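In the two assemblies presented below, chain A is common to both, partnered first by chain B and then by chain C.
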Partner chain A sequence: MSKRIAGPEIERLIQLLAKVPGLGPRSARRAALHLIKKKEQLMEPLASAMGEAAEKVRVCSTCGNVDTVDPCTVCTDPRRDPTTVIVVEEVADLWALERAGAMNALYHVLGGTLSPLDGIGPDQLNIKQLVQRVSEGAIKEVIIAVNATVEGQTTAHYLTDQLGGFEVKVTRLAHGVPVGGELDYLDEGTLAAALRSRTAF
Partner chain B sequence: MEWHDEGIVLGARKHGETSVILEVMTRAHGRHLGMVRGGRSRKAQPVLQAGNLVDLVWRARLDEHMGQFQVEALELNAARLFESACAVYGLQTIAAHLRLLPERDPHLGLYEMLGLLLAHLDEPSAAGELVVRFELMVLEELGFGLDLSECAATGRREELTYVSPKSGRAVSREAGLPWHDKMLPLPAFLIVGPGMRADLSAIEQAFRLTEFFFTRHVYGPRGLTPPDARIGFLNALRKHTAGKLHVPGDSAA
Partner chain C sequence: MSKRIAGPEIERLIQLLAKVPGLGPRSARRAALHLIKKKEQLMEPLASAMGEAAEKVRVCSTCGNVDTVDPCTVCTDPRRDPTTVIVVEEVADLWALERAGAMNALYHVLGGTLSPLDGIGPDQLNIKQLVQRVSEGAIKEVIIAVNATVEGQTTAHYLTDQLGGFEVKVTRLAHGVPVGGELDYLDEGTLAAALRSRTAF
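== the complex of A and B ==
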């Protein structure tokens, strides 16, 4: 049995930090040591921020986004176009699209994709709420911005079926050449998709 | 332990932050799982999509270990299949059926049929019949194959109209008439010989037939239900037939 080199509180801190994505046991130890060294400047404000966030964070009952208020800041923003909704898999995707800043629309977070391998069906996703939002009649376009994976596209087709009965335009993101991408290195599927969705120059 | 084979990706499940557990149907080693280190990288993800044909090297210290795959792309079908609702639902249906087979049990016939299916899964006019034939092959491989070659009662090969729900064998019109309300209708395109094309109602009939035996012999005893994707696949076929198939891009115009 290895000797303990720190008290149980520090060990616990290291164990919990090691569960954060991107951190393993070694990097968690480094992070813990850094926090201990910068106790006043970093550790205490971080602990306080985490406690406050943990207390206040909630899932938006309208769109599934996470925020400290319900409905979330995005849903209540009066400058956004209420007739367009972008459907994303996860909150991280919403943040990525917001960083891009290309659309001033509302969002809907599904919370994943249909995946029989992982046992995720329509009931496990935020699909009913989307149908409910669309049925209210204010939404004119639904942009399905899910990942270009088989699970993502199955979800996209399922959503298209579910929204088929409403007077709403259903669109999806284009698949094609990424900025900085070299044709020689692209897979043939992406190239074929890019050719099919070519636009006038 | 090490082997080299080709396989068709059925799915991938995230494992840790950088790896995936890949599920493939291989030519000589059946349905096989293995870990792909770095499988969540930008470079590896397009290759590890369901429907792609890949070259595989599997390595493990012992045969009973899950082992690790080294994967290289041979044919990237996934992006083509994404475009069609029929293809993505069909792919999920097929993968769900293949998961009924024991792991590492070679099924060469199913593998070759899978390759054929992937080539035509985005053509709704051909996909329906191919998926039904694939389901019949899976039933056969699981030991519950239907015998549609001759009448179970008379031995006749003409006018085969029904399938007996008890035996899974074909029954001629004449022999089955007294029990026609209990018999399952046999679509003509499934009868060995004529090689006729199937219309939508015949495909739907065939799907009801295979679903009955799948539920009774395979899904039911395992406490499962047939995959939801199967319903999506049939709906996509109906939409195509009705000429209402959603064409991606059209709605954006």
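== the complex of A and C ==
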């Protein structure tokens, strides 16, 4: 838009909204108008919720999750099994696994994957803290739930090495056909893995 | 998610983000994580931009647009032609027409369409102010740019009646084939209108 059609405060709101993942320049406009329309019900509460979260958010010193308390809500949940730790790359992966609701374990967030070309070595990731947690002896199983990418798998191998000296079972996620997936659309690697790991009916 | 995996401040942020158009429950989670990651660069500025906009936003007493000043940026723009007014249903339509950049006119935002069943009569819309603006004599053309819906067209007819007593040209948007549109996918009404309003090559 070449001509200004609204005051600088509204233009700035639109520019910032456009940086939120899921919103582009056009939907940021729509979102801004909706927020303006629902000023009391949405814009004001959202502004204050965002300000409050920004003020209170911190990284859990135990597992690397983000929360408003440290240790985080997951680490201090007494209903979780403290002998199993799921290692993930990012907090988003932790949330995704929680949505699946299949395990009742603790987590450890690496904060990324090993990527020497980008200057990300073991010291840039939350790996020392994982080894420290395992060395304390209460953890019986570490499930490595990193992405099935080259970087993810490299990181998984490195972690397995690092945890080799401890009395702990190290496992990883199964490869296979996604639930609801059609064989015709799957890559050869996935199909081969699904065949190799076939299970009895 | 049955179990809490983050503090109440983060859960509340996600719930409010999910109400922003363009974001659903899942993308609200992703947006919240991104905001937390970019706390200084995005979350804090966005929180304050939203708060500031919420505080300053007002409805233009001349045209019904929303802005942080009254009269709004559009009404006070000296480069616009004050003899032409485009009547739209909502502020979003004003923004859409400005994106097209085809006219350099003023606007008038009705705030909706006539809808007797929903209790929306002429008094619920910004119609008196339009008649008042036209009665002042400076406006030579009123372009009625409402949606091509039954409610929109009913409102257009009502406006034409109301403006009948003044020395003003009342026009409306052309019906026809959308640019880039394929005839095969268009409804009969649009095709008939496009044929009726055919123009010479």
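In this section, the second predicted complex is superposed on the first by the 199 of 201 C-alpha atoms of A that agree within 3 Å, B and C clash if a C-alpha of one lies under 4 Å from a C-alpha of the other, contacts with A are read in each partner's own complex, and residues count from 1 in each chain.
As a working rule, a contact is a pair of C-beta atoms (placed from the backbone, for glycine too) under 8 Å apart; a residue touches a chain by one contact, two chains touch by 3 or more.
What you are looking at is a predicted structure, and each value in this text was computed from that prediction instead of being measured.
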item	value
First (chain B), second (chain C), both or neither touched by A:21	both
Comparing the two partners chain B and chain C, which touches a greater set of residues in chain A	C
Which superposed partner A:158 touches (first chain B, second chain C, both, neither)	first
Which superposed partner A:150 touches (first chain B, second chain C, both, neither)	first
Touched partner set for A:6, first chain B, second chain C, both or neither	second
Partner chain(s) touched by A:195 [first = chain B, second = chain C, both, neither]	neither
Chain B/chain C common contact set on chain A	21-22
Residues on chain C engaged by chain A in the complex (per definition of touch)	1-10, 12-13, 16-17, 19-23, 27-36, 38-39, 42-54, 56-57, 65-69, 72-74, 77, 79, 90-92, 94-95, 98-99, 101
Residue numbers on chain B that touch chain A, as the complex places them	11-13, 17, 23, 45-47, 49-51, 73, 76-83, 85, 88-89, 91-92, 95-96, 227-229, 232, 235-236, 246, 248-249, 251-252
Chain A - residues contacting chain B, complex	21-22, 115-118, 121-122, 148-150, 153-154, 157-158, 160-161, 164, 169-172, 175, 187-190, 192-193, 196-197
